[in-house]
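Sharing a structure, written as structure tokens. Questions coming.
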Amino acid sequence: MSEPRTAPDREPDGPFAEVGQRGPERLEAFSDGVFAIAITLLVLEIRVPPAQDLATPGALVAALGGLWPSYLGYVLSFVTVGVMWANHHNLIRLVATVSHGLMLANLALLLAVGFVPFPTALLAATLQTPTGQIGVLIYAATFIGIALAFNLLWYEIRRGRGVLRANVSRRSIDSITRSYRLGPPGFAIAFLAALINPALGMLVIVALVAVYLLPSSSGA
Amino acid sequence: MSEPRTAPDREPDGPFAEVGQRGPERLEAFSDGVFAIAITLLVLEIRVPPAQDLATPGALVAALGGLWPSYLGYVLSFVTVGVMWANHHNLIRLVATVSHGLMLANLALLLAVGFVPFPTALLAATLQTPTGQIGVLIYAATFIGIALAFNLLWYEIRRGRGVLRANVSRRSIDSITRSYRLGPPGFAIAFLAALINPALGMLVIVALVAVYLLPSSSGA
Amino acid sequence: MSEPRTAPDREPDGPFAEVGQRGPERLEAFSDGVFAIAITLLVLEIRVPPAQDLATPGALVAALGGLWPSYLGYVLSFVTVGVMWANHHNLIRLVATVSHGLMLANLALLLAVGFVPFPTALLAATLQTPTGQIGVLIYAATFIGIALAFNLLWYEIRRGRGVLRANVSRRSIDSITRSYRLGPPGFAIAFLAALINPALGMLVIVALVAVYLLPSSSGA
Amino acid sequence: MSEPRTAPDREPDGPFAEVGQRGPERLEAFSDGVFAIAITLLVLEIRVPPAQDLATPGALVAALGGLWPSYLGYVLSFVTVGVMWANHHNLIRLVATVSHGLMLANLALLLAVGFVPFPTALLAATLQTPTGQIGVLIYAATFIGIALAFNLLWYEIRRGRGVLRANVSRRSIDSITRSYRLGPPGFAIAFLAALINPALGMLVIVALVAVYLLPSSSGA
């Protein structure tokens, strides 16, 4: 979308080059949009207490306090999606041209990221009910799916001819591969922990998100 | 929005050139925004089950299972809009300058794409009711409209003077034209199939979307 | 956001230039976002009919037919906001550096554009009720406000030192000024017509939007 | 996302440079998205009056008049978030490369900005009830949080090695630091004023937003 289209390492001038080759700029723009919207829609799940709770300050404070699962869901999902955006950013920077497989893998990732507001709302709705465990399990399962989609995306970047930029070192590639491989089993552990105890499952998820906030894990 | 405005093949310096000529960068940015938002709003149609379904795990699992039309609608519309975005991307890359007709055709396309969350929600709401057939028919009709809008957009790109980039080969043009011509009759067949049997209509839609996921159909 | 920051006609290298001068790229990106989101949120106002209308095909067809004010509002507001986006695009292309006044005028315009989903929903809700006139009046008033904001924006572009690009001809400037001056009285006529008869007011609005779809009116 | 990636002051060609160094383009794009969406979602909190208020023009006018807290909340939050966007724009323009700390500080800021629709809706819902004071207090507290996040962001820009662009003058830096330091105590005064009297608290918030609309405060 913004780099000069004649940049030699992005859009070669061979026959049909204008159709067969493309840089990642609009893929980035579209993905940025989906990440930004998914992260911002999260706030819509925090609902203003109904009219009867606005009758006295005490009732409102109690009602607002009772929304803590919504606040927790907002913060946790916002930070997680934000970290995923940073990871996505770091991955796509390594892309020279967009293959069809990369396009599909990216769409699969966005499908999972765009879904996050639903399990977040479900988590918030169930946390204080007898169905809290189901909320945590589905929340963890969503992140297993996203972690798998990230691995698929990275696989597509590495395997396509000319997709990965030529100047990325083997060491960088291996470091990213290692970091990404930990995602699915990590969230699977959270899922299993939630089977034993929902609060334990939440704790593992929070810990995982905290780990992904560390500089080393984002490939940067 | 991003290419140097003095790039010779984009913004000639003739009189009034600053008003009469424009590259597709902001058209892309605006369209990317509409596609990204339409695709992300789809998740808002998946509603968390009401409080009474959160009383027991069994009730919640049943309620979440009963939401399958919403999940189906989310995935189907997300993938379809995602593929449309990729097609749009491929088309606009061939544009050198934006004509007024192209602007209007693009607006017509965005009007149809921005509408998708409504027939998707209607499809999900009706699939398990006696009105499921209407839901499928309106869903198919929406995609007929989008396919027609894509043909109009492509027509406007080809017919305007200086709209199509000079270096696009005749073979690429013909290949895209052929691929786009199949869209309206394809979804019309889905519509007709839904008239006979709603499930059959859905099957045709799913098959069409799967075909559009193949590399050859997106012009890439 | 995307042009090389050292481009001489955009970001001079004088003292404090990095703070005091700025090109319109991020203003464009932010405005594109607001336009794209406002236009896409419009679909959320078209509500799926309630469960009782899904009992028989006849009831659903009647319910969907009864939503015609929502479809009308969607199409009318989508096209109007889309045309406004194109106009905004054409205006900002003439900007070399962003002044503080331009920033504020742009914010005022976005405030009005971002408000459009509310009068659109109000119009759709009231059109078939005894309060339809109020819906049309508020809808027209919103567009008077937007037309005024466009004139303010254009005024700020012309009056700031170095805001308007140096290579814009006097003839282009005058042509845009003339075109923009017609906006506020045009929608004021729609408002007055709606005072006499709501349907007449709607007709004037539809006619105005159709006129703005003509190539000559968008400055392109 | 848009500047040539080989620009010497942005992406050095040292070993692992493609992973370890990055310009602020996609950070800007993602942040622009979140600001634009948060600001545009505000309109969803202005609800069309229920059906019974659409029975007579008098009832509708009264109902629409009764929505004044929603209009106030919309305008106030829109302008405030818009000014914050401008400030964010001005800050990020000074960034040469994005550090991990900057990424996290930016995420914290977006977390607070994305939250704004909730306290805005709460303010509108409570303003005419006995709980209005709580609404104003939470609204003010949100802006204290955002002001703190801005100071953290600016701190991260200054402290990281190579994060701040080399050509930013000491005078510019000091001017921004002074301006940002006033934010948290300013909104804290609004909070304290609201403890005494909610209307007084609102007045201080409105005054602060008006001050931030002045050219000198945005660092431009």
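Labels for the chains are A, B, C and D, by order of writing; each one numbers its residues from 1.
By definition in this document, a residue touches a chain if its C-beta (ideal position, glycine included) is under 8 Å from a C-beta of that chain, and two chains touch if they have at least 3 such contacts.
Just so it is clear, the structure is predicted and the values come from calculations on it, not from any experiment.
Taken over every residue number at the interface, the positions common to subunit A and subunit B amount to under half, indicating a different-residue contact. Compared with subunit B, the chain whose C-alpha mean position is the greatest distance off is D.
Once the centre of each chain is set as its mean CA position, subunit C and subunit D turn out to be 23 Å apart.
Per-chain CA centroids place subunit A at a distance of 33 Å from subunit C. In subunit A, the residues that touch at least two other chains are 1-4, 29, 32-33, 36-37, 41, 44. Subunit B contributes residues 1-4, 7, 25, 28-29, 32-33, 35-37, 39-44, 46, 48-49, 54-57, 59-61, 64, 74-75, 78-79, 82-83, 85-86, 89-90, 93-94, 165, 167-169, 171-172, 213, 215, 218-220 to its touches with subunit A in the complex. For subunit A in complex with subunit B, the residues that touch the partner chain are 1-5, 13, 15-16, 18-20, 22, 26-27, 29-30, 32-34, 36-38, 41, 44, 100, 103-104, 107, 110-111, 114-118, 121-122, 125-126, 129-131, 133-134, 138.
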